[in-house]
Every structure is written in structure tokens, then in C-alpha cells.
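One structure is given below, represented as C-alpha cells, and several questions about it will come after.
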Amino acid sequence: MRAGSREDQGRRGEARWADVETDWRALVARDDVQLVDICTPGDTHAEIALAALAAGKHVLCEKPLANSVAEAEAMAAAADAAAARGVRSMVAFNYRRVPALALARALVADGRLGEVRHVRAVYLQDWLSDATAPMTWRLRRDKAGSGSLGDLGAHIVDAAQWVAGQTVTGVSALTETFVRTRPSGTGTDEVTVDDAALFLARFSGGAVGTFEATRYALGRKNAMRLEVNGSRGSIAFDFESMNELRFYDGDDPAPEAGFRRILVTEAEHPYAGAWWPPGHLLGYEHTFTHEAADLLTAIADGVDPEPGFAEGLRVQRVLAAVEASAAAASVWTPVDGAGPAGNGRAEVTGAAKT
Amino acid sequence: MRAGSREDQGRRGEARWADVETDWRALVARDDVQLVDICTPGDTHAEIALAALAAGKHVLCEKPLANSVAEAEAMAAAADAAAARGVRSMVAFNYRRVPALALARALVADGRLGEVRHVRAVYLQDWLSDATAPMTWRLRRDKAGSGSLGDLGAHIVDAAQWVAGQTVTGVSALTETFVRTRPSGTGTDEVTVDDAALFLARFSGGAVGTFEATRYALGRKNAMRLEVNGSRGSIAFDFESMNELRFYDGDDPAPEAGFRRILVTEAEHPYAGAWWPPGHLLGYEHTFTHEAADLLTAIADGVDPEPGFAEGLRVQRVLAAVEASAAAASVWTPVDGAGPAGNGRAEVTGAAKT
Amino acid sequence: MRAGSREDQGRRGEARWADVETDWRALVARDDVQLVDICTPGDTHAEIALAALAAGKHVLCEKPLANSVAEAEAMAAAADAAAARGVRSMVAFNYRRVPALALARALVADGRLGEVRHVRAVYLQDWLSDATAPMTWRLRRDKAGSGSLGDLGAHIVDAAQWVAGQTVTGVSALTETFVRTRPSGTGTDEVTVDDAALFLARFSGGAVGTFEATRYALGRKNAMRLEVNGSRGSIAFDFESMNELRFYDGDDPAPEAGFRRILVTEAEHPYAGAWWPPGHLLGYEHTFTHEAADLLTAIADGVDPEPGFAEGLRVQRVLAAVEASAAAASVWTPVDGAGPAGNGRAEVTGAAKT
Amino acid sequence: MRAGSREDQGRRGEARWADVETDWRALVARDDVQLVDICTPGDTHAEIALAALAAGKHVLCEKPLANSVAEAEAMAAAADAAAARGVRSMVAFNYRRVPALALARALVADGRLGEVRHVRAVYLQDWLSDATAPMTWRLRRDKAGSGSLGDLGAHIVDAAQWVAGQTVTGVSALTETFVRTRPSGTGTDEVTVDDAALFLARFSGGAVGTFEATRYALGRKNAMRLEVNGSRGSIAFDFESMNELRFYDGDDPAPEAGFRRILVTEAEHPYAGAWWPPGHLLGYEHTFTHEAADLLTAIADGVDPEPGFAEGLRVQRVLAAVEASAAAASVWTPVDGAGPAGNGRAEVTGAAKT
């Protein structure tokens, strides 16, 4: 079902795609193009986005927003300027469009979790567990920027900040590369990115969190998990059961309290009203369907879609802090531009608070 | 079912307890006592254990072994000396006696997980989520030594090291106290221990891990969880389902592979052969039953039981490193006495390894 | 996302649908129509299908095939005759296209379950639990044929027979209508179908089974569940977790055996190779996508797709036997055309076999 | 841990058992015995119970109460007469003492499920899946009365009636023996009981239910499961997770509703207050501990314990109706002494009610 393959693109005019360009500059120059969806590798995001915004095209950009904070800053500034002219931009953190995570966000926003204290976020895959799996561009720093950190970690940083309603203010991190060389053609090639990234975090509202991204968690295929504990309630999510949200309502009387398995397919649930009857599940692609619907609606309504490039930049700064901490003996590293920890103890940066 | 209540103790001679002493020194001095089980608060462990061992009594000591590394070192030295005289000692890490965790250990020891790469260990409770819950001695550093770190963290450090077959060589840590004062009598009292402790770790065999201990994970009643991923297999455990082990066998063909829910109640399973038919569960107290059986068998066989005080000391050193790191901006802190990281890159201490 | 709404249909020629007819006879008469997908209520299936097949159109017909055995017999006969002329027909038991159920079928077909002994099949929904929910055509016998039996029961009868590789030879049944009148406009209307249908069954290969279909299982939104136990293995499935199959391999050594949670998203799994990387789930609509792909492939290859109308008829006969048994004090009722129970004890019809 | 082994019994007077008799008549005749616990095979229950009650001993009798309805009737009558003299009797349906099932019962009794409509009860084991497993007395009708029906079915009939608060008024049943001969010494022996028993039921309050008992559900070790759906709520239980109850509260707003996993270990839960802190599980044996506590408390309080012999008789009558229906082509068979179906449609006996 890989629509848009090269073969398809070769048949332009045959009604599969309305038209095709093989040079992004030509695309950006066309008058009949109003929106550019940037799905290229990270090292080209900034250049394309800046050109498209300058040309007055709305932009949807894949995550992570860029390969560096500097690029992301330039993109966020350009997006701000474009927004003033009615040109919209959005970063493709598609997991915000999972109905169960959108419900989690709504519960936190409604105060149902009370004061948020704990975040636990992991993104576990296993496709590199086999040490003889071949080299790919994703394992080269010059191409991919980073390894599991940018690919998987970016998702959980954004999801955690969004759901918890707090931003990460500082981190202590560790990265590891388990398999240092991999087969490539007739020889071997060096892996120059992280295989796994683990970090502790503090949030602007006083919460603390653990994060882990890895491609070596054998048996976990796409376990993007988020658990948030507050003073009044808790939520837990696992993308491998993406239609379910676990919710613990601390207001329930003790003998009846328990994590509820909410099947997020009711008409009242985010996005779900547009689909099937209750209990009929949605799949991965509808994170993109919802994303596109939200983006197009925002454009039609003349408002900025979320998350904008400023939020992409915020994630980029967390990733940069993670790499900086890992390179400096895990020392506590504040996230640039993030406010102090929200519990009024701004001077503390990872030290024991007891 | 709180056997041993004061009322019971008042009826000595009435056949409930064979006899009772209210001064531990008197107990240790008795000729008819062969074994001392130390269940007192941590600040008295060392004194009692040293006296009991000197008096030739076998000793079972609650965890954590002591309130400081210095005390634990003295205890381990005394245990070594006593062992030479046939006097046995054991530290009460009772979770090693959960059949499912013993099965996990056996699978790792048999090589079924291959090279261990990831450890994920949490111990989540929620009894302090309510900010108005009253002060207790457990929240005072002078009595309890530390908070969730020593109470809950000690268990997962021991379990992780034991199951993974690797020791923790260094950590980066963060601790937090969410509620700083609590009601006490007619006033309030200051909480002087950690409410939560989070840390990253490296292991002697090259694995990396995340650890978290907290009493604020609302809805999690006793979620002592351990997940270990290796190159050949993975295991996952949650004490709230203590009779189950999840095992992923990477040798299974891909279309048939999946985490197996093993009900650890078969005659072939650790400890289970002594109990019920398959599918009839065991409860918490049998962690103690198994512990006592193992200790008494070791004494009868004239061998040292496991875990001995040396292992209790090893855990104590990890806890000390956690507190030291948390007090020093989360900087990477080696664990005293632990060998270098087992992947031959001893110079690295938490820095990025890419 | 209700494509095909009236509004859409009003804009014919506007490229949403290639064209629209509002009279099925006009549709069947068109030369440029090669395939007819019958999604109308059950009482019109036979007429449309017979006309379409006679006109040389391939036919995909929704389930249940018809509202009576007589209609289904005529349709199956017409399908047979049409097949001889290269015209294909298929009944839309779309749950056969759930990858996890297709994997279950493959495991049974490969002998991995050994001799199949037990089938447990339920289809639980809850949208009628509220006794004040309004009347609909689905609750009128003249329109819907039956209630939960035809709507939900048809699916689990087909799925059970297909996965187990055995046909139902006889049943003992009970039906119930919990709420006998429902609000309709300003008055109330009588419910003339079953709210729930429960039955016991014997299968051609010697297995025994329980079946239940209901719309009153409060909290169960679309719990189409199937469990099959054999002498060598077992499988379990729940549509509310439609990307997962539980498989117990009896060949595993006892200490390592357990139901495996197979995430049916691997490239080697049925249908899944055409979609996302492992762990990225599919949703309900792809049961239809797969169905269409299978049908079109069969047409292109010049072979009969499965399940054909003969299998739709087989299900219809089971439904008829269920209603007959329920109307005759649950007495054992053989299924017309089904062979004897496969264990060589054909004389037995539900009586105790001990 | 098999206390009470022959070796123990040989050491009478050595304080393990206070004393031992090898002839039950001698036991019943002793003045210092106040309570008799009948754990012998079913064919001796009646004789022992009648003698013990006549001798003024309180009696706890294993389930099923007897091997026939006639015996059970005599026992219930004797129990009634004894109760008038202050002598108590109880039948050992120990699953009523599982805290999670006691909580389920309390929720139904409190009206939290509303009108109960559906019962789903299975008791699945797998120890006979292997066709070469040897013959045992449990597979002989003369010894065991019946097979899985009396051994496993009795438990779920009692549990279902008790939790649902309704009695079974009629059944339609099917029994099966999959393996007809089994190895015995050097030859083979005939199996003369059911391997599996399946039945449909109606309840006195209008609910309908399915029941299944089998020892051939490969992979299910002790899956005693009960699900009850009402107009206002639902519960689900599985003994393989015996400390958990799933509860769906239909009063929750739709977007927040879901089955709650209640860990039945809170101080407010039935029995649990006497044990550990929350989240520390109980095992199988405490069904007996609770049973003994309840019995002794009733005796001390001078009230009749539950369930009494009358309830054991009620279960016996259901088992008899199951066997009668299975022997008569599954025809609907009323349960002797049970009232009419509680929905005011007493004339209906399994026929379709639409």
C-alpha cells in the first residue's frame, strides 16, 4: 500500500497524483501549490521550510523540526513572520492526534489529574536488536542528526510536555551505542548515533520525569508509552494499544477505584465522532488524517495550527540539552529558553531537594 | 492478622509465642536462641547484627541493610568473619523469593536473554499522594535514613542486579520532595526525606537502566516492576500480578513471537512445586515463607544463604551514590567497589558514547 | 468521514463518485458496471444478487447473506451457475480479513492446535442496555430478519467455523428480548426480534462450543471474541484489541509456556506486509480494504473468492437451527446439510456422551 | 508444604496435630471434638454429615455437597433440624471468600449493576488435554459422581447464583467425553464421566447465562471466570488474577467510562483489611482462611453461616438438571424447587421469547 512510490510518480498525468516535481525548488515556485508538506531527511528541513514560507506557502514539517537548535530557531522566526501574513505552519507531531492521547490532554487540562507530579515516557522499538542488521542512513550522524533520540525521543518529549501541560526545564542524560559497526555492502560501517537515550527531567510545573528511547527493546514493536500521575488522578497510554487510555480517578471512593480501560471510540471522544461506532478501532494512519484535517481547518479558519514551529523548537532544545548532558558526565543541563521549575524553587537544577 | 501484637506479647507463656523478650540484648544472650531476625528500624540494624553474630547467632536482617555505607561495611565484615565459624547471615530482599522473579533470574542465567542491554525498574506506590496525610517516622531522615529511596529503591536495585546478573557501576540521580510539611498532632512537621528518587544507571555487563521509586504514583498500589531486554529475549514483571512473568523469546519465528504470560504456578517453577496445583495463586506472605525455608535449608546444609550481607552492602553503595549524585547536580557518580562498566569502556562515566 | 452522504450524491459529476444511480435496477443494467456491492437491508439481498449475477456482474453481498434459508439457497445456486461462466460472488464476512484472525486460521490449518475440542465465541455490544433508547428498524423482524442473532451471531458463526476448520452440525439455543417496547415518535413500538441469542453447538470434527450474541453487555463495545482450544495449542482473540492474537503453544516446555500476545503487524503476517512497520496498528476499515483486495485479486486471477455464497448459506442454516431450537424448548436441532458430528458418533445429538 | 502428610500423622502427640483418628466414626464420637470438616470423596459426605450433626457437631462439608440430590436433600433437612438446636453447618464453596468476588457480590447487592441480564461463567483447566494422561478415580462415575461438572461446574453455579443474586430456574445442556479410555497400570480403563459440560441457563430474576466446565482448555490453568452485565453496570472476574475485579460503572459519563481494574487489597475491601497494605496480594489458601474465620465467627455469634446446606442442595439440583438435559437431547429442563423465571413469564422454558 505504498502509494506514491517511484513507479507511481513516473506515471504523472495518469490521475494518481495530480502532478509531480522532483526538485523542491520548482515545487515551491509553483503558483498552484498552496501548502508544502516536508517529509525529507532532517538536514533539508530548514532550507525548504524557509523558502516555502517566504513564497507564501503553508508548511507542514516532519519532526524533529531540524537537525540543530540554530536551524529550528530560524524556522520558528520565519514561521512567526509568516503567520503575520496569514501563512500557517505546523510541525508533524502526529501522536497528538491519537484520540486516546488527546483525551489524556483534555483530562489534564480539565484539572482531573490535579497537580502533575510524575511523568514516565518511553518509546521502545527493537529493530536493531539483531547486531547483524545492516547499516542504514539512520545510523549516521551526518544524515540523521541523532539516533533514537531524534527519531523516537522527539515524539515522547512533545507528547509529555503537551499532555502534562508543563515544559521540560532541565535534564540529566545518558546515551549508548550498543553495536558500533554494522555490515554495509561487502564491509562494515561505523554507527555514529545513539542506539538508546535515557534521561531524567524536571518540568515547569514541578513534575519530575524519566524518558527512554531505544531500538533495542526486544519484543517491543512500537511501545510509545506515557504515564502521568497527579494529585487527583493518573493516566497511562501505550501506542501498541493505541485506542485505549487508562485513567485512574482519585475522586472515586477507594473500594471502587481502579485504572479504567477507556476504549477511546465514543462519539464524544476527540476525533472519534467522525468515524465508526464504539469499539471499532482506528489505525496508525489516522494520526495523519486527523493532522491534515486539523491543519486544513486552521488554514480555513485563519488561525495558527498546533503544534507550531515554536513548539518544534522547544522540543529541539530539549534534545540538545540531552546531548549536552550526556557529553558532560550527565550533569544537570537546563533547557535554553525554558522557564525555571514551576515549583518556585528555580535555583534547584537536579540536586536533591530534601 | 497482625500476629505479634502487644496483646499477644502480654500473654507470654500462653502458647502463642514460645517466649518473648523486650530487650534485644537479653535475646541475643540466651543460649536457646540460635537465629535472630532483625525487623527493627534501620538505625539499629548494625548494633544488633554485630552483637548477634558475635554471640554466634545466625542473622536474618531486614533491608536496607543499614542506614549508611559505613555501618553496612562493618556488618559485611562481621558476617564474613562469622561465616568462617559456620554462623550464617542473610539480608531480607524477599522479592528474590517471588517465583516469577526467580524464573526471570533462571532465564537470564541460562542465557535465554542473551546479552542484557536494558533494565527498566520502578517501584510505585501512592500512599503519600494525599498532601494532607499525616507525618510519620518514615518521613524523617534521622529515623528512616532516606525516603522512598531506601524503602522502595533498595528492593529494585537488588532485584535488577540479581535478575540481570550485572552490578550497577554508576548513576545519575534526582530526588524530589513534593510535600514539605505534613500535619503532626496539632501542628505540622517537616518532611526531611525524598518523596521520589529517579536515577539512570550503567551496569557491569554493559546494560543501561532507569530506576524510579515513589509514593506519589496515584493508582499504583505496589507496582514493583522490572523489565529486562537482551539480545535474545526479554522479561517483564509487575508485583501487582506477582504470579505472572512475561517472557519474549527472540528465538521464536517472527510470526509467532510475542510476550508470553507465564503463570508461574507449575510444579517445575521455582518454589511452586511445594504448593498448589497450576493456576492457584500465591500471595505476598510466601515471599517470607520461601525466604525462611531457604535460610533454614542453608543453615542445615552448612552453606551461606543468598543474598548475604555483602550483597546488602552492594545495594547500600548504590543508594549512597544516588544521594551523592542528586546532591551534586546529577553528575555521574561511580558506585564504590563496583568494577568498571563491563563493556570494556571503563573510562566512560555517563557521557555520550556515540 | 461518512463518504457517500446524500450531499455527496447530489454533486454527481463533481468527481467524488464517478457516477450515481438511485435505482439498483438501472445500476445492474449498465454496461460499464462490472461489480455490484450489495449493502442494502437483508430483505433485498436475494433479488438484487440474482439480477446482478444474471446480468454477468460480479457480486459482493453483505452478511447475513439473506433473511431466510430459502433465499440463501437460491442465491448460492445462482452463484454456482454464474461461477461456471466466470462471474464471481463473495459474502462480506469481513472479520476473516482481520490479520489476527487470519493468523489464527493459519495456525489451525497448520495443525498447531492439534485436534480442536473447544470453541468459545461471543459478540458483545451494549447499545441497547439503556431501556429508553429509541426504536429502530433493526428491532423489527419484518425488516431485519432477526436481532442480535443475524447481526452479530452471523459473524461469530462464520468466524468460528472458518478458524476451527469445522462446521456446526447441531445446536441447542435460547433467545431473549429484555426490553419489549421502546419509544417511537410520541408513542412506543414493539420490539419483535431477539435482544440476545445464546447457543451450544457441536462441530463436524468433534469440537463443542458456546455462542452468545447480545447488545446488552454493558461496557463491551465491540467484543467479538473467539477462543479455540486444541490438543496441541490454543488461540484467543478479542476484536477490541483487533491487532493482537493470543497463542498458547502446547509444545513449549511447561515452565516457559504461556499465552503469547502476538502483535499481528509483522511483514510475515497476513495482510500486514502491505502496511506499516511492526507495532503500527490497523483499524476497522482495513477489514474492508483487505476484502476488496482479495475479491479483486480473485476476479483478476479467474478463481472463486472466499467465502462464497455457499458459505453464506451454511451460516444461514445455523442461524435457522438456532431459531428453531429456541422455539422448541431448546431441543437439540441438527443443521440442515451439515454432516454428522465428526467424531464418528453421528447418532448423538446433544445428549450426554458419557 | 503438605502439612498433615502421613509422616506427620505418625507422630501424633508430637504437637503437630493435637490428635488423629483414622476412623471417622471414632472422631464423631469424641466429646472433645466440636466441629467436623468433611474432606472425603463425595460418596461419603452424606453419611458422615448426618452422623456428625446427630452427634451435635458443627459441620463444614466440601463441595459438591453430595453425589445425588436425594443425599443432599437428606443433608439439608438434617442441617435444618440441627440449626434449631444451635448446631451449625456450612458447605465449602470457598470461592465466595475471594475478596474480589465478595466485592462483586456487594456491588450487585447495592444495586450498582441495576437489573442483571447476562451471566457468563466458565471454569477452565487443562490437565486432561494430554490424551495419554493416566486414569484417576476422578474419571470414574462410581467414585466421583460426575466429571468436570461436579468438580468445576459446582463452583461456578454457586458463584453465579450468589453474585447475581438470582437462582438458576432451568437449563439446556450438553456434555462430552473427549478421551474415552486412558492408561491404567498395564492396560487401559474406561472414562465414565464428562470431560466437559456446557449449558445455557435462565435465572429467577430474568437473566440468561452460559456455563462451561472443562479440563481440556489447553493453556488455561485455573480460569474460573465470571462476567455479569446489568442495566447499570458490569463486573468481570478471572481467578487466574484473583486479586482483581473489573467493574464498569454505567453511571460514569461516556467519555470516561471503562472497565476499572480494581485491586481488591484496600482496607475497605472484604477480608482485605485483615491482611497487608494495598497492592500486596493474597493467595489461594486464604479462601480457606476466610472460610474458617467466617464459620467460627458464625458459631461464636450463634447464627447460621453461609452458604448452608440448603444452598448446597440448590447447586446439586442444578447439576442434576444439567445431566438430565444432556441425556434428553438438550431439552429445556427446569430446576426442581427453583421458582419461575423472575421476569413474570413463568411459562417460558428456554423457548424463544421474541
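In this document, chain identifiers A, B, C and D correspond to the written order of the chains, with residue numbering beginning at 1 in each.
In this text, a residue touches a chain if its C-beta (ideal position, glycine included) is under 8 Å from a C-beta of that chain, and two chains touch if they have at least 3 such contacts.
The chain list, named the UniProt way, goes like this: A, B, C, D = Gfo/Idh/MocA family protein.
Remember, it's a predicted structure, so these values are computed and weren't measured experimentally.
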Note, CA centroid farthest from chain A (Gfo/Idh/MocA family protein)'s centroid sits on chain D
More contacting C-beta pairs: C-D or A-D? The answer is C-D
When centres are defined as mean Cα positions, the distance from chain A (Gfo/Idh/MocA family protein) to chain D (Gfo/Idh/MocA family protein) in whole Å is 52
Here the gap between chain C (Gfo/Idh/MocA family protein) and chain D (Gfo/Idh/MocA family protein), centre to centre from mean Cα coordinates and rounded to Å, is 36
Note: chain B (Gfo/Idh/MocA family protein) residues in touch with at least two other chains are 220, 257-259, 263
Per the touch rule, the chain D (Gfo/Idh/MocA family protein) residues reaching chain C (Gfo/Idh/MocA family protein) in their complex are 117-118, 120, 122, 126, 129-131, 141, 147, 172-178, 191-194, 196, 198-200, 202, 206, 208-210, 212, 214, 216-220, 229-234, 248, 250, 257-259, 323, 326-332, 349-354
Residue set of chain A (Gfo/Idh/MocA family protein) touching chain D (Gfo/Idh/MocA family protein) in the complex reads 103, 245, 247, 249, 252-263, 266-269
Residue positions on chain C (Gfo/Idh/MocA family protein) within touch of chain A (Gfo/Idh/MocA family protein) in the complex are 1, 125, 127, 220-223, 239-243, 263, 265, 274-286
